[in-house]
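Note sheet for the following structure.
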Amino acid sequence: MSRQPYFRALGAALLAAAATLAVGDVAAAADVKRGGTLVLARPEEPLTFNPFVPADNGSIYAIEQVCDSLTEADATGLGLRPGLAESWEISADTLTYVFKLRDAQFSNGQPVTVDDVVFSLRTAGGPTAAYAFGFEPILAVEAADDSHVTITLKRPYTPLLSVLSLFAAAIVEKASFEADTDGFGQKPVCSGPFRVEEYARGSSVVMVRNDNYWDIGVDGQPLPYLDRIEMLYVPESNSRVLGLRSGDYDVIASVPFNQARQLEGDSEVTLEAQPIFRLDYVYLNHGKAPLDKKEIRLALNYAADREAILKTVYFGFGEIPNSYMPKVNYHSDTVEQIPYDIEKAKELVAAAGYDGTPIDLMLSTGDAPGKQIATILQQAWQAAGLNVNIVEFESGTAWDMTTKGEYQAYVSYITSDINDTDELAVIQADVNSGTNAFFTWYNNPEVIDLLAKARQSADSNERAGLYAKVQDIAYHDGYSVPLNFVPSVNAYHNYVSGWRTVANGWWWLKDVSVDK
Amino acid sequence: MTAIAIRDELARWPASLKIGATFFLLIVVTGLFAPWLTPYDPYTQDLAGFLQPPSWRHPFGTDHVGRDVLTRVLHGIRIDLQIGFITTYVPMTYGLLLGALSGYLGGWFDTLMMRLLDVAVAFPFLVLIIVIIAILGPGVHTIYIAVFLLAWTMYARLARAEMLVERGKDYVLAARTLGYPTSRVVFRHAMPNVINSSIVFSMADFVLNILLVSSLSFLGLGVPPPLPEWGAMVAEGRDFIFDAWWISTLPGLAIVVTGASLSLIGDGLAHRLGQRQRSFL
Amino acid sequence: MTQPLDGDAALVIDDLVVEYGAPRGLVDLALGRTRRRVRAVDGVSLVVRRNETVGLVGESGCGKTTLGRAIVRIVEPTSGAISLDGENLLTLGSDELRAMRRRVQMVFQDPYSSLNPRMSVERTLAEVLRFHRIRPAAGVGDRVAELLSLVGLAPELAGRRPRALSGGQRQRVGLARALALEPTFLVLDEPVAALDVSIQAQILNLLRDLRDRLGLTMLFIAHELSVIRHMSHRVAVMYLGRVVEVGTAAEVFDHPAHPYTQGLVRAIPRLTPERRHRKPVIQGEVPSPLNIPPGCRFHTRCPKAQDICRRIAPPDVALSPSHRAECHFPGP
Amino acid sequence: MAIIEYILGRILQMVPVLIGVSLVAFLSIHLVPGDPVQIMMHGRATEEVLATVRGELGLDRPLPIQYLRFVGGAMVGDLGKSIIQKAPVDEIIGERLGPSLFLLVYSAVLAVVIALPLAVVAALKAEGPIDHGIRIVGIIGFAMPPFWVGLLLMVLFGLVLRWFPISGYGRTFIEHLWHLFLPSLTIAAFLAPILVQSLRSAMLDVMTADYIEVARAKGLSRRRIVLKHVLRNAAIPVITVLAVNIGWLLGGAVVVEYVFAFPGLGSLLVRAVGHRDYPVIQGLSLVFAVIVMVINLLADLSYMAIDRRVLRR
Amino acid sequence: MALLEVRGLCTEFRTPDAVIPANAGVSFNLDAGRTLGIVGESGSGKSVLCRALLGLIQSPPGFVTAGEIVFDGRDLRHLDETTLRRVRGTAIAMIFQNPMSGLNPVWPVGDQISEGLRVHRGLSPSAARARGIAMMRQVGIPSPEVRYDEYPHQWSGGMLQRAMIAMAMACEPKLLLADEPTTALDVTIQDQILALLVELQERTGMAMILVSHDMAVIAETSDHVAVMYAGRMVEVAPTAAAFRTPRHPYTLGLLQSIPRAAGDGRLTPIPGQPPNLARLGDGCPFADRCAVASPECRTRPVALREIDPGHWTACHFPERLAGLQA
């Protein structure tokens, strides 16, 4: 079963210098070992390779290895660099972008043409694509000539280059895609570093090196280094850890926190805890009593012993948040944290005139850490004088209830794909943004005003100041109960090098090499 | 029943029944007195003292939020016996009724019941339980409803098969010639002689049902926290099985012990009721 | 033995047919077939007069038990009529049926299975009395004691369950239960077949005593000829669902007219201590009721069988006012 | 001839059951809150997109129409297309059916191989110390949660001894046997005690039969009596038990599937329900029902092979 | 020397509550070619005796505690299991009361008939089949070639008993134990089976022990009669003597209980019930039901004694019977 519904926000990308960032820091040129197979076990299952069918982590992380887009995240994930587009020019009014295509080939040997790009981007913005909203500001995608594509916008839209780096903007081979759209989801034809050789649904994907890939490695030869990837779907975390130790797997993704501490002691294994754009928090529905009262929401925050949660649930992995949103570029460290203060919580509950209305703390079935968090919070909040029930719902149902506002509090999380504060800040805090302040119905005119100002500003210092203010206000309004800035924890054998988790959560395998 | 009658009855019990019943009684009594047996509360967390290995202070250790595992196991007796009891004996009651009637009456009623039974048997339990959980949310009641819909089939089958034999027996025919109405013939006369195999099977079913809750908890479909239900405890503790084996293992042991005592009772009952069939089916 | 040969008819069975068989299944429907049904009783007519005991004898599977059960309506006849004291038992509604139960009762063969193993003797008897309101509630206990003494059971047995009784005692309980309703007509289905000889004699004596004391009319079903002869005024011999010979006990046993009866009588081992040196009279086995032979149904085993027997069903031949046989060649 | 007719009858009987199962499955999953398209889109797509996709999938039609379309398709062997995977449902189920059945059969065989000697010993030494020992081990095996047993076996055979791989399915038959040994053993650990107990009691039952006394009077050896006269007769009730449990394990093995990362039908079902992938759930319900009924039919046929009397009834 | 000599055979069944002496000191002789009829009511120990002779008592709960069974010069009680098994299959055979349940339902009848030949004589399957078919023909089973491969449920009770007899006779035993061989059968079939047994005995010269509760069956088939009561033999005599001048009140009681053809009026049953074997005293076990018993009978142990040549009785006062006989 999938974990809870996943939200990826889009942000205006940092561009500028990003285009020229190199990958040189990956490995020393001389040492890199080519060939070999990487066996990777992960808890999510790829469902489709069709980039226009909206997807879950299981699919996205896999698509990232296979498909390529005009721009791509750089090695750090913090910036952008050219992908299939060798370069681009932006008109003065910022309404017209002209991309020059690289001389690249699809995995089946066909050249990547202007036609393919136009087709792909039009499909990505089509009527049935989930991420179409990101392409909504686009007026037209047209071929300028054999090697140039022109995108014209309805209005200025700075996040465009960032959007074009999304998996949803992947460039597919038009002929294959049109010939068999359903089949494409099983056996895609893209221009990424790997191609799908065998896709055993529900169990594994075998990817092999795409010999036609355009990028060059540190040794001056074409990437990728690996010949083959076996990406296995292993939902049970104990089994993943056991498999890593027994040598069945080279890499395991999403190591459970308690076992991560154990793996740290294993000399054959490298444990990587990489901060990513993720915040675990309790959604609060401001439209439902008693959460409509700020005092109550703050009481929930004061009564939450985040230190204890960090220690017992996350085993020390992560960082206690001082924000209502993940730690993206304009994050302010100076916003004061709400401390653990049960007495203060009691006072607030009393001050709110709490009438005993119970709070249903919802979680999705199968969310083990969520269950633990809910158990801890229930006791803490009850200590503060609130009535709390834990209610579990199957994830589809829970999400349905959340989007309809039929919940009170929901243990969940949010991540951002792109390194820009704006989009998440708006989506989470502006009740008019289309998701009702991300299903909280949080409505503070001052915040909405500040966000509007920040969007109009071109001065990054000013924006930083405005976002910090929003962060401060929303956080102290008791927007939610933030719990932890959670890192991505992965582990691999020491003979694996070049492994890197980028800040949006996924990993690049084109730079990975194995030296068993 | 007089004391002598009880003594005589006990004297006829086979050893397995005595041992099983003693254990089971012990478990029940322990469950009744659970709140006074340990100084801890099953729900109170001690986040500072989490994942403590077994010690004198915490003979079964503490769990991932610092609760005393022994206390939770002891309190779990009440919950699990209740779950086992309800999920076993409620479906058994109407399963027996339907099966016995079906076997006795035959004809269209039997045909209808058998087709209904086929549907219940062939319908994937997982779909049903997930669907009900999706509608009602997980919890003890949800499990009850799902189990009620399907678990009667085994009893209905057993009762029907036995009734097909019983209805031809002379004492049933005799009851009919005495002019007793069908309901009396079936329920007063035949029924008590039909239920033996079901009672024996129910002992294994009891264990199976507790295990079912545990498996459902594994899938996140069991009882909601923080209820100290054994299956849920076993499932919750599985993430810690390598560094804190006691969280999962000791509640599991409770299931095994309860299962063993019930299985012995079933065994002994089979003997006592003159039935060779064992408690497993 | 006084024989009320010309008494009023108590029970009249007229051309009774009882068939068994499953209804047609889906496949049969699909293939358009009718399912073969077994005719357990195939056109039996028989009269039992008031205060008379009629013995019904035959080998297993001949339909005698089915006939007995049809009389007490625990087997539904396919056609024909059964009337008791002029009232057709087969057309009764459920209330009338219950009233009829009080007049016609049955004693079963197996005293081990005819009693509910979970009910004590007292409960078994009291239940009958209470259910049919034979006695006011206060009188039930006394009546149970009366019944026990009637069938010669010690009162201290009242609290026992069947398991704690011997075979003979159980059969007495079965008898008491039937008598509790104060019936006038008793169907006894092999009441002594499961008992040892010494106990059998006790029960047979008891039955004869009760018959005389209570003025019971009986249909006595058994496979043992000596028992039948001992108990019956008249005897009917069944073979494959039909009564093939009927007459007084003396007529049937001393001058059997049907070859089957003759063979049956001669097949009984004698108590005379002489080693046997004779060939069995009747060869072969009873044919399956699914495959009843054409013509005379006994012709496959009959030493006298002629061509006609294989083709034409034999007539019902009257040999005396009370003696009839269904045979083409009746007589010695 | 009678056998063919019997099988025909049983197959005809399946039709109403399948209608019942499909109707219940269809209605119940549509009763569940949650919209497959919304879930697929992760709550982000606009209402227009959601409506367009629903329309494409035919989810905007009235329920009776949807059901009839499903039944109509199913009758010609078309179970529809998965909403999220866009692949034909029969293909998706088919991919996992083989492994799932392989696992079940393998588990059943392992369970029988384990149970047979134990049951024979237990029956021959009934009520002795060996019998009690076997029973106690059986109870433990039976009452241990399967994921426990699975992890235990993984640690022992996968990590410590390194005899067997801890996941995967393999490509060849021999590889299947090797890869699926641990998961099968996990299931067998649950199944074998049930079989031991039922076979033991069936054997004890058979051993009191008159024909066993006759066999002894014939001077046959104990070995011959057990092998030829007892086991075959005792197999009949055991087959029932096995059939009931295999039918149940078809979906119930999902825990084992998760632990061993095994692509079986159970986990497919759980995922399909999670995503509200209606066609897959409906298809699976039908497939489960058919398999359960076929297993029961096979069980009944095997009684007949063992004991010819059964056909007569 | 007698073919079979049984001396002081004791068999008991041990339950948690009681020890039940099913055979208490049974002794008798049987010569080759002769038939001993054993008669008695249920629970008298006659079936247990047959099983004890063959070593077929299931232990626990049954134990043969004393006595010797000398067959053909060897004490069967002291043979090891393997040797005893060979004796069972070849020299001594047994047929049982209920032919319907005596054959394994899952194997063809013919297979079971010839199984002994394969096991004990080592015949090949085809040779065993031929011999089995011959045996079936001998016992009067029609078209044996076809019926060889049929299953027990396809056969009638009478035919199955013939099959049981064929099975028992297959290895040409010297002694046949027939335990109520016709009880489950109809009169006409009983007639056929008894005739068959007598004929086979005359042809093969084997000895036979025929157990029955039916005095008449014994009367027609046996040379000697042994009457059993409460686990012991109370009268052993040549058949004619036993029936004409019974010297034990139980034997007399049995004879008088049987409804006679001419019997009009009341029967003379034996009063009371058979005793509980677990609670027998020292005296005559029949004393409680005996019409001629003295108080002494309840305390003084009885043993079989020969009061006429070849006529043994276990009664203290056989002379008192004279007055009772009609």
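Letters A, B, C, D and E mark the chains as written, and numbering starts fresh at 1 in each.
To be clear about the criterion, a residue touches a chain if its C-beta (ideal position, glycine included) is under 8 Å from a C-beta of that chain, and two chains touch if they have at least 3 such contacts.
Source: prediction; values computed, not measured.
S.K.: Where the contacts of chain B and chain E overlap, which chains show up?
M.R.: C, D
S.K.: Between A-B and A-D, which chain pair is linked by the larger number of C-beta contacts?
M.R.: Of A-B and A-D, it is A-D that has more C-beta pairs in contact.
S.K.: Can you check how far apart chain A and chain C are, centre to centre, with Cα atoms defining each centre and the answer in Å?
M.R.: Whole-Å distance between the two chain centres: 88.
S.K.: At what distance in angstrom does the C-alpha mean of chain E lie from that of chain C?
M.R.: Going by mean C-alpha positions, chain C sits 31 Å from chain E.
S.K.: Determine the centre-to-centre distance between chain D and chain E, using the mean Cα coordinates as centres, and give it in whole Å.
M.R.: 52
S.K.: Can you compute the centre-to-centre distance for chain B and chain C, using the mean CA position of each chain? Integer Å is fine.
M.R.: Centres of chain B and chain C (C-alpha means) sit 48 Å apart.
S.K.: Which chain A residues touch at least two other chains?
M.R.: Within chain A, the residues that touch at least two other chains are 1, 238, 394, 396-397.
S.K.: Could you please specify the touching residues of chain D with respect to chain B in the complex?
M.R.: It comes out as residues 13, 16-17, 20-21, 24-25, 28-29, 31-34, 135-136, 139-140, 142-148, 151, 193-194, 197-198, 200-201, 204-205, 241, 244, 247-248, 250-252, 254-255, 258, 266, 269-270, 273, 281, 284-285, 288-290, 292-293.
S.K.: Please give the residue numbers of chain A that touch chain B in the complex, ascending.
M.R.: Touch list, chain A to chain B: 1, 237-238, 241, 256, 258-259, 261-262, 305, 308-309, 311-313, 364-368, 371-372, 374-376, 378-379, 390-394, 396-397.
S.K.: Under the stated contact criterion, what part of chain B meets chain C in this complex?
M.R.: Of all residues in chain B, those touching chain C are 169-171, 173-180, 184, 189, 192-193.
S.K.: Would you tell me which residues of chain D are touching chain E in their complex?
M.R.: 209-211, 213-221, 224, 228-229, 232-233, 306-309, 312
S.K.: Which residues of chain E touch chain C in their complex?
M.R.: The contact residues of chain E facing chain C are 41-42, 156, 158-159, 186-192, 194-195, 198, 213-217, 219-221, 223, 239-240, 242-244, 253-261, 263-264, 266-271, 273-274.
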